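The data blocks that follow each hold one structure.
Both complexes below contain chain A, partnered by chain B and then by chain C.
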Partner chain A sequence: MSAGWIYNFPFEININLKAIDDAVRAFSVKYEAFFKVITKSLGGLVNSINFVLNKIPWFVLILLVFIVIWRTSNKISKGIIFSSLLFLVGVAGLWNLMNETLSIIIASVVISLLFGFPIGILISTSNRLNKAVRPILDTMQTMPVFVYLIPALLFFGLGKPPAVIATTIYAIVPIIRLTNHGIRQINAEVVEASLAFGSTKLQSLIKVQIPQALPTIMTGVNQTLMMAMAMVVTTSMIGATGLGMEVLIGVNRIEIGRGLVSGSAVVIMAVILDRATQGLVQRSEVKTDGQ
Partner chain B sequence: MKKFISVLLLSVLILTLTGCEASTKKEISFADAGWDSIKFHNAVAGTIINELYGHTWTEISGSTTVVHEGLIKGEIDIHMEVWTDNIATYDDDLKNDRLKELGVNFDDNYQGIYVPRYVIEGDAERGIEASAPDLKTVWDLKKYPEIFPDDDNKDMGRIYGGIPGWEIDRILENKFYFNNLDENFIYFRPGSDAALSAAITSAYEKGQPIAAYYWEPTWLLGKYDMVLLEDNPFNPDTYQNGETELPAVRVTVGMSNDFAKDNQELIDFLSKYRTSSALTSEALAYMQDTGSDYVEAAKWFMSEHPELLDQWLNTKDAKKIKDSLNK
Partner chain C sequence: MDNNNDNILSVKNVSKLYGPDKNKAIEMKKSGTNKDLIHKKTGVTIALWDVNLDVKKGEIFVIIGLSGSGKSTLIRCLNMLNKPSSGEILYEGKNIRKFNKKELNEFRRNKISMVFQQFGLMSHRNIIGNVEYGLEVKGMSKEDRHRKAKEMIGLVGLEGHEYEPISSLSGGMMQRVGIARALANDPDILLMDEPFSALDPLVKKDMQFELLTIQKKLDKTIVFITHDINEAFKLGDRVAIMKDGEVIQIDTPEEMSTNPATDYVRDFIDGADKTQVISVRNMMVTPNSIVRKKDNLSYAIRMMRSNGVSSAYVVSQKMKLEGIVTIDDALRANKDGQTISDVLISDIMTTTPDTLLSDILPMAAEARFPIAVIDDDGSIKGIISKAQVLSSII
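So, the complex of A and B:
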């Protein structure tokens, strides 16, 4: 026991966890009105996306998927396979749940791109900023979701609004990273040339750097989408309805069939969204190479 | 490189050896099904066992079904809170001698739809007016959809229901339809235990109305003043359809067959282990208020209620525990 200090940390500071709890709660009570506005607008966004999705006839969406996959992959067979997979989701009676999930995904991805793209450009311009932002991004991706999910509940209540927030925190990272990376990896000569020909920095950014970086940025969009898909089941734990909730119920009740069917629907959604956006990546590659 | 590998091997060897040394002592694994009260009971039983017999203890976490399977397989030794009604196969398992039921921990617990007391009676101290003064029963909720608004659907109220997958979720949904609450209410699944308690905490701190499923004993109902909405008198045949109030669940202490073989003294102790819903809530509320951990709460609890130790243990052992608490 005399050598206890070798194995046990010699001293510990008692962190006042209770104070943190109380501070967070007091904060949520004090700024209730502010959070209510955010909650309302996020809920409104998700609900209106869901409303639009529900207004699209099922065959139109299937046709759309067929065309998009066909055009992006240049293969009719792929278009047929993916649109019939989507058809299966409808046959399994999960169409409306899929729309519900899709509306949360779309809302989160739109918000992620809206914030992530400018942030990515901004940090590509400064090494210092890049160094400062990096650990924040690492934290956002590795902090266990429930650590910030539960405080988010105090602020935003249960349901879709906190689901969008949690998904955004997780999914915004790739678009920031890859936008930054894409712009940084462009040849310095290219940028120099554009400046030498008399374009302003902004012109160089919009007309030269972003187009050059487009394939990488598109990969970022694709990754953001996939990250958002990965949060579907997690967010159902805070009451977000949709396919994730079906999976959760199935798993918790050990209704294997129910979990498997709704889980497969999530996979089909993810694969279709992945292929469609990967198609965009490839097309943007062809474009930049051609020019 | 060679040197590096040999150092690595050596350190692995040392670690394994020290690991072996540590495992010669008996370590008892308790089930941790994820909620507060079971962890508290684990701490009480674990502390007593540690003091009397020197065994260390640990917890294995999982969902209700997972820890039940673990108990049957013998990976978990003791399960302090087997919520018998929530495990579909429980009677069958008991009949086939897959586990040992030692005794009843408590069977006076309530569960159902709760609302904060200030919703019905108001709270002069906090300046909250009673928003639903005539709310008494579950079907009275129908009159107050605007008091419990759903964020996503205007004009609809929201009832926070059971955690998906718990047996109670099904029953509550039946109750929801049985009372025709679906006309102006949404049955909202909170997704997880943590989310549900966060929703209630958040509403209560802000003084807002909320109607939510919860159960005793929990720190939440020990701490917050909530009213259980009345329902039709309990009927064992129809409560599953949501027609009557919910039964108190028999919460028992279980032990795995393997472990029961050569731990007679623990069987003797745990067979007598009995608390109540109120006692457990009291300890959990103490924990929530003081920020103490489970073991500290267990020690506080035993020194507050020495009479329980006399019931559970023989005079000599009870005295030993009491002495250790006074240290």
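So, the complex of A and C:
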């Protein structure tokens, strides 16, 4: 008697992968007009951000980074270090590519916050909704990123718009989670107090709950930004130009120097954005501490 | 009971249940099943069961019970932070359970306000920002609410601190802010949910005194929750005692202590009394000047001088207390070339750390020196002065 069934599955279902492909394709064809509108507006958004960034003189941006880092860290030395790093990016000839990448990041983060913040507030108000949304958020975060790229490519074509979509799906999760968490962890008596004095739900939310949750929400903004940065190279695979594309080219052609230099530029961007928004977190903490 | 005009709040047959199968739980409760068994069988928690009480205008009505007795749930029903499962809550004859959202907000803005155990202050606002919160949500102009808030801050003794952040305050000050905030709306009724439980005993005493003063001045009706029977008796015009979500007895403190309705009430009063009375251990301080018996007198004199005291405690080995030398005796004896043993006053008053303060009151009244606190083996643990003992009875 063969005991093969113990170690191997006795039967398998043939998943019709072709049917899935076809269905998605058919969907994309059917709603082509809809996707086109989105593609166009996303493209327009990214391009206009890029346009504005390119209009900012390089030294102004470097000065801005210096001031922001200096003010948030209270250390001149840090301001000098980070602005010099940014200077290096320019010297390496990557300034415009950086602006391109930055415009995708900004667009994705703005969209993430625009949707994520209200969603976070909404699910903080209902345990049932929270339970329903949690597995979706888990999936969005754990699904291999490449899987988004395929439908994004199908629906929105090559280039920056699908990159923004894929980045948003990935980066929207922390702002939702941390807004939700921030509001839920407020001392119950503080919320009770706001209601006991006759606040409407909206008053309680705006005057008490959001301000009290601000440090956590700001951490969410920071995390969303970092997640978006993490997608820079991945999205270059669907044609998002910028620093990520440089890294990708470096990898494909085994040009170590090119990969290393543009990779370092990504790191510098990430660190600067992180420190600047960390500063925001600390500021809001100080404010809720009331100091 | 009649709908008496004196009653500002009436709670009638109010029950509050949490859980899935409430009807079944109600049936079981009615047939006399025990609360824990009901919870096990149906998953329903009975937080309040058939509570009836009337609060008279202008009185301090204290609700007392152990944790889990439902007192916090009950007080939250009075402003509908918790919604009762059944029963009526009447404010001046109007059933607040029937209020719509707008009416409820109006009620909360103008008629009733609340003080919380952990203060419930908003850390992103400073003191005045917290005090004016209730006025702000009802749409009072900035100028008016600032003026009103300042007045209230003055009333609770925090003038000059208006713009300080909440995090810089001590617990006592925080609760003053909480009280000022509650009074700012000029409510008829003040709900206080264990407001002084988080404060240390001396601050607590101050706050109780001040609450009585404020109440006299403003003539508010106060519903006060506590688990401390002494606090209940000190503040309450009438006291309701709760157990397992039910009210067992409502009476004046005097009536309750002379005629407790059940053994539970009697135990509660007795048990609480014992724990409440302060023992010597809690009030004693470390003596500044301790000298050994074999030390010379000039050392003892220096010691007393540098500490600014007129007597020193003399110990032998292992801190065993031998007696006292006074500065006068020491100076005289030092001139005559005598030693500490020659001027030692060994006949001094002593007590033990576990003695209740009330038991050493007579001794303290006569004491010439601070009373020495000694352990079973005679070693000195601390001293307690006449002033400390006498001040504790106020």
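Following the convention adopted for this analysis, the second predicted complex is superposed on the first by the 289 of 291 C-alpha atoms of A that agree within 3 Å, B and C clash if a C-alpha of one lies under 4 Å from a C-alpha of the other, contacts with A are read in each partner's own complex, and residues count from 1 in each chain.
Simple rule for what comes next: contacts are C-beta pairs under 8 Å (C-beta built on N, C-alpha and C of every residue); 3 or more make two chains touch, one makes a residue touch a chain.
The model shown is predicted, which means the values in this text are computed figures rather than measured ones.
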{"item": "Clash or fit (per the criteria above) of chain B with chain C on chain A", "value": "fit"}
{"item": "Partner chain in contact with A:N54 - chain B first, chain C second, else both or neither", "value": "neither"}
{"item": "First, second, both or neither for A:T200, with chain B first and chain C second", "value": "second"}
{"item": "First (chain B), second (chain C), both or neither touched by A:Q185", "value": "neither"}
{"item": "Between chain B and chain C, more extensive residue contact with chain A", "value": "B"}
{"item": "Chain B versus chain C as contact partner of A:P211, first or second or both or neither", "value": "second"}
{"item": "Where chain B and chain C come nearest after superposition, their Cα distance in Å", "value": "32"}
{"item": "Overlapping contact positions on chain A, where the chain C interface meets the chain B interface", "value": "none"}
{"item": "Residues of chain C touching chain A in the complex", "value": "76, 79, 81, 101, 104-110, 113-114, 116-126, 133-134, 136-138, 165-168, 181, 185, 191"}
{"item": "Of chain A, residues touching chain C in the complex", "value": "187, 189-190, 192-200, 203, 207-208, 211-212, 214, 287-291"}
{"item": "Touch list for chain B against partner chain A, complex", "value": "63, 65, 151-152, 160, 163-166, 169, 188-192, 194-195, 198-199, 201-202, 205-206, 291"}
{"item": "Residues of chain A that touch chain B when the two form their complex", "value": "17-18, 25, 28-29, 32, 39-40, 43, 47, 146, 149-150, 153-154, 157-161, 236-241, 245, 248-249, 251-254"}
